[in-house]
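What follows is a pair of complexes built around subunit A, which joins subunit B in one and subunit C in the other.
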Partner chain A sequence: MKRETLSAYSYLLPFLTVFGIFLAFPVVYSIWISLHKVTLTTNLYHVFSDMKFAGLANYKEIWNNVEFWWSLIVTILYMILTIPTGIFLSMILAVLLNQKIKWASFFQSAYFLPNILDMLVIGLIWKFMYSPDGLFDTFFMKIGIDFFHETGFLGNPWTALPAIAMAMVLKGAGFGMVLFLTALKNISPNIFEAADLDGLTWWQKFRYIQAPLLKPIVLFLAITGTMACLNAFTEFYIMTEGRPISTFLGETVGVTKITGYYLFEKFTQIKYGYAAAMSYFLFVFALIISYINYRWLREKG
Partner chain B sequence: MMRLQMKKGMLYAALIAFALFSLMPLFFMVLTAMKQEGMAMKMQFIPDGPLETLYTFKNFTEVLFNKDFPFFKFFLNSVIVAGLTALLSTFICLLAGYAFARKNFPLKNFLFSILLSAMMVPGMIFMVPQFAIITNFGWMDTLAALVIPHTANIFGVFLLRQSIEKIPNSLFEAAEVDGAGDWQLMRYVVIPLVSPILLTLILLTFLGQWSNFLWQLIVNTPSSDWLTLPVGLALFKGQYSIAWEKMMAAACYSVFPVVILFIFLQKYIISGLTQGGVKE
Partner chain C sequence: MASVILSHVEKIYDNGFHAVHDFTLEVQDGEFMVFVGPSGCGKSTTMRMIAGLESISSGTIQIGDRIVNRIPPKDRNVAMVFQDYALYPHMTVRENMSLSLKLRKVPKQEIEKRVLHAAKVLDIDHVLDRKPKELSGGQRQRVAVGRAIVRTPDVFMFDEPLSNLDPKLRTTMRVELKKLHLTLKTTMIYVTHDQLEAMTLADRIVVMNQGRIQQVGTPLEVYSKPANKFVAGFIGTPPMNFFSCEVIRENGTVHLKSDGFDFHVNRDHPLYQKLQERGISASSGWTLGIRPEHMELARGKAGENQIQAIVEVMEPMAPEVFVHLTSESGEFVLRDDGLLKPVIRPGQKVKVNVDMDNIHLFDEEGIAL
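Entry: the complex of A and B
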């Protein structure tokens, strides 16, 4: 073997070892697990040693499981609630901050900071603010609205998911804002001077100069946002644990039981094969959504 | 002129309003953490009498050394887990990035495309099999389980490969003429020139692991010695769901270090996060 090859692989060795064991192998191993079921005698910490081969039984069960399809609907609703609003809000913030203002870096920091804080902690704070007699309920009671008083925002089937979405949009908006702002700052001022000479309005300038440059960022945010919704777990774990309860096609479902949380729930019930199979449904779903995102944004320009 | 000033005024009003809204959870957390016992649920922030009737600092010390939920220990665990992962991961990504940037070897492009496609797999796929591997290794409740699986950071390899490739070849050649081997090139050429990127990666990995709740939850049993801050907080909530002032005090210990890092090093954090979005 060539010396260069040998030295290259010795540099790659630590990375490839971890990558191989904990990222590449699991994708294949997970398929194997998804074809198995745990038995009644399973030991909690050696579960994987005495599982029984079950073929595609897990996949069939999931296909016929109303609760699973409901969880996918929750995922889609969560995507609709968080992604467009998040992109819109971060774009507005970037446009506002892109003008000559004092304290610009303070505002930028204030908007960005929540983005890197621990999701569990942020979720916990919002849960408290949303609770009955919490900050928001107290405010609404003061102005004479007692609609949220009985259950709080997270206990009401109509407001629970939007409430989580609002908390997460506020947490995440700073990320998109920074991306948009970087792109806006890269536009040469000469173009705007020319546009001013031509008498373009504020909207025309945005529409014809800035918007086209922001499109790749919109696509990027749509894809990362989709991924975040498919992996959404912590905010649901801490804020609602899938509640409140409602019915869907005659089955009892958790209104906010998003697929990521539902998968975790199956995992804690030591239905490992079932959870693994479900993650492949998620994978296919991820591919479809990414493709739609990509096509949709391509067509629009 | 008047109209222009009105417009400016409205702009600032909007900026300030959103800043307040964005930081509201943090203000709320800090104020609640300082409430006297039993006062957290009263949404009162201005005391009727002297300040001590409503506020106190004792929650901050009480949660640190709580018998069942020693947050001081959880905090140290989080620092160790996130810090160790950040250093280890950045180191092995530097080695891998160096190989991809400076060496030719068989399967190079193939490997690189494998890494690219692995980034598109939703994280939930990894949960069950990674957990299975950890139990097979007998790594439950260990530091290794919390650290090792997250040291292969694909984004880190891309970032480092890209920045090492940007180093002018003449620098490497000059050093090679002087007889420098790989390690000396790394020590005297690569590391000094990519040190901002290394700092960025260390910070981002630290922040990521500081809040990697799901993984830390599943590889720790409730009696583990390696419970981290978010896991401790989640278990605490399960047991004392009424003690909001204590919970918020514990939450402060998760937020403050991040705020401090952010205040001093935000340039590095933001530049790292925007790399993926704008440049490609």
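Entry: the complex of A and C
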């Protein structure tokens, strides 16, 4: 090996070490775990070294588990509720803030601010606002709607998921907005003047000039949004813990028991093999969805 | 095709900045009119008001026989070429050129015909399916011009279209724009801060400064009969030399006097007559303007109308040479034809002859006599 190559690797070494220990190894190790099971005879003081080999049993169990498929449905619903609305809202905010308006930079910072807050804090604030006699319920009671009074928004099977989705869309919109704004600010103002002379309407200007430039950002937000939904946990942990309860194909299920929370639940029930197998299942799912996202947005361009 | 008439047009921005003062001008049908002036002089603002991109604070703008004050840009039938080209980045050259026609519901075949024709004229027919970022600066500029041509507008407007090109390409494009004007015979309004572009392209030039028209005239007029000191200093490279002097009229001769010179203006000189008409016999605060090309190094003995100076720097421009000199009356530049014999050196004392037929005299307000 050449000297230069050697020194290059030596510079990479610190990162590679950390990467190996904390990322590469767990990925491989969790494959091993997903093929094993904690059984009644497992020594709980040395769980990982005393799991029994189970082959693909964990994967089979997941495949046949209604609760798992329900959690996946919840996740997909959550994606549908958050991703398009989040992208749309951040784009609208960016287009509006790109106009010459007073206080634009104030609004810009204000919308971005929730992003630097911890998810736990945001979740807690929204939980208070959604609870019976919270901000929203008080408002609805004032105008004579007592539908939400008994359970609050998060206790009602119909409103729980949309309520969490709304909180998260509002939290995340500022981030997308900053990305969109950066792209919009790169467009020379003369292009819009040329468009005025060419006779483009407001919509045509957006359609022909701004939208194509924003497409890579839409793709980016769609993919990162998908990942975020598949990993979503904190907001559910703090706001609903998977509740309220409902039934699906004869099974009792948590209306907001999203895959991330379901995974956590299995983990706390020391079903490590099952949880590991499930995360691989979700990994494949994430790959497929991202690929579809990518292809779909590419073709449209 | 149409004329453009501006009468008493003013532009005052919301923040109170008065960008354009009482702008009155008639651009004739088919004329190539160039607005020239230093940056911030209001030339671009004026053009943008004609295009409708900027509102008019007062006065009227008429294109053809329509007053367009309240007509939106797209309905004024004007086309504009911007300094940074302003092409639609995500469209091909063909789409860029045809979009405005498509929006105006021109039949497809007609669009295709016009785009192809314009592309041929501009020599960009081989890049029609490329996107702007794949083109060179010069090609982008042509596309921007092409996008304007296909619309067959009444008035073409150019906002510093050559500023982003390299000097060599700028010269080429300048000639091509002039050819284009001869072919299309459409009214053109062209904004530039480059007086050379103004001189070479224009049928008439509007020289502007601080929001006001300083002079309107053919390139030759503004060069040889500048209306004031600003125009005199702005048009021409290197700029006109200015010397402050006093005027003394006695015994049929006017003396233009300063520490370093005493020039004689005879009775038959137009300046003499003008001074006589004004009844001026002795006054100070005048500015004498002499262009570098109207001064030459005196070879041989001393004579009348000379100024003594010391050579500071020489800029050989091939074939001519700009000689920077310093005298008791200040620094100045002269333009020599380059046949410097004997060769002069920095530091050398020389005598400079002044071509008295081409001197300019400005009063205390800077107005040409």
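The rule is simple: the second predicted complex is superposed on the first by the 292 of 301 C-alpha atoms of A that agree within 3 Å, B and C clash if a C-alpha of one lies under 4 Å from a C-alpha of the other, contacts with A are read in each partner's own complex, and residues count from 1 in each chain.
Following the convention adopted for this analysis, a residue touches a chain if its C-beta (ideal position, glycine included) is under 8 Å from a C-beta of that chain, and two chains touch if they have at least 3 such contacts.
This one's a predicted model, so the numbers in the text were calculated from it and none came from an experiment.
After superposition on subunit A, the partners subunit B and subunit C are seen to fit next to each other with no clash.
Judged by the touch definition given at the top, the superposed model places A:Ile288 against neither subunit B nor subunit C.
By the document's definition of touching, of the two partners only subunit B reaches A:Thr234; subunit C does not. When the shared chain is aligned, subunit B comes close enough to touch A:Phe220, but subunit C does not. Touch criterion met: A:Gln204 reaches subunit C, while subunit B stays clear of it. When the shared chain is aligned, subunit C comes close enough to touch A:Ile191, but subunit B does not. When both complexes are overlaid on chain A, the residue A:Ile245 reaches neither subunit B nor subunit C. Counting residues of subunit A touched by each partner, subunit B versus subunit C, the larger count belongs to B. Here's the short version: in the overlay, subunit B gets within 11 Å of subunit C at its closest Cα pair.
Listed in rising order, the residues of subunit A touching subunit C in the complex are 187-188, 190-191, 193-200, 204, 208-209, 212-213. Listing the residues of subunit C that touch subunit A in their complex gives 48, 51-53, 72-75, 78-80, 82-84, 86-91, 99-100, 103-104, 147, 151.
Across the complex, subunit A meets subunit B through its residues 4-5, 7-9, 11-12, 14-16, 18-19, 21-27, 29-30, 33, 45-48, 93, 96-97, 99, 101, 106-107, 109-114, 116-122, 124-126, 128-129, 133-135, 138, 167, 170, 173-175, 178-179, 182-183, 217, 220-221, 227, 230-231, 233-234, 237-238, 259-260, 263-264, 267, 272, 275-276, 279-280, 282-283, 286, 290. By the touch rule above, subunit B contacts subunit A in their complex via residues 11-12, 14-15, 18-19, 21-23, 25-26, 28-29, 32, 41, 43, 92-93, 95-96, 98-99, 103-106, 108, 111, 114-115, 118, 120-133, 135-136, 140, 148-149, 151-152, 154, 157, 182, 207, 210-211, 213-214, 218, 229-230, 233-234, 237, 244, 247-248, 251, 254-255, 258-259, 262-263, 266, 269-270, 273-274, 276-278.
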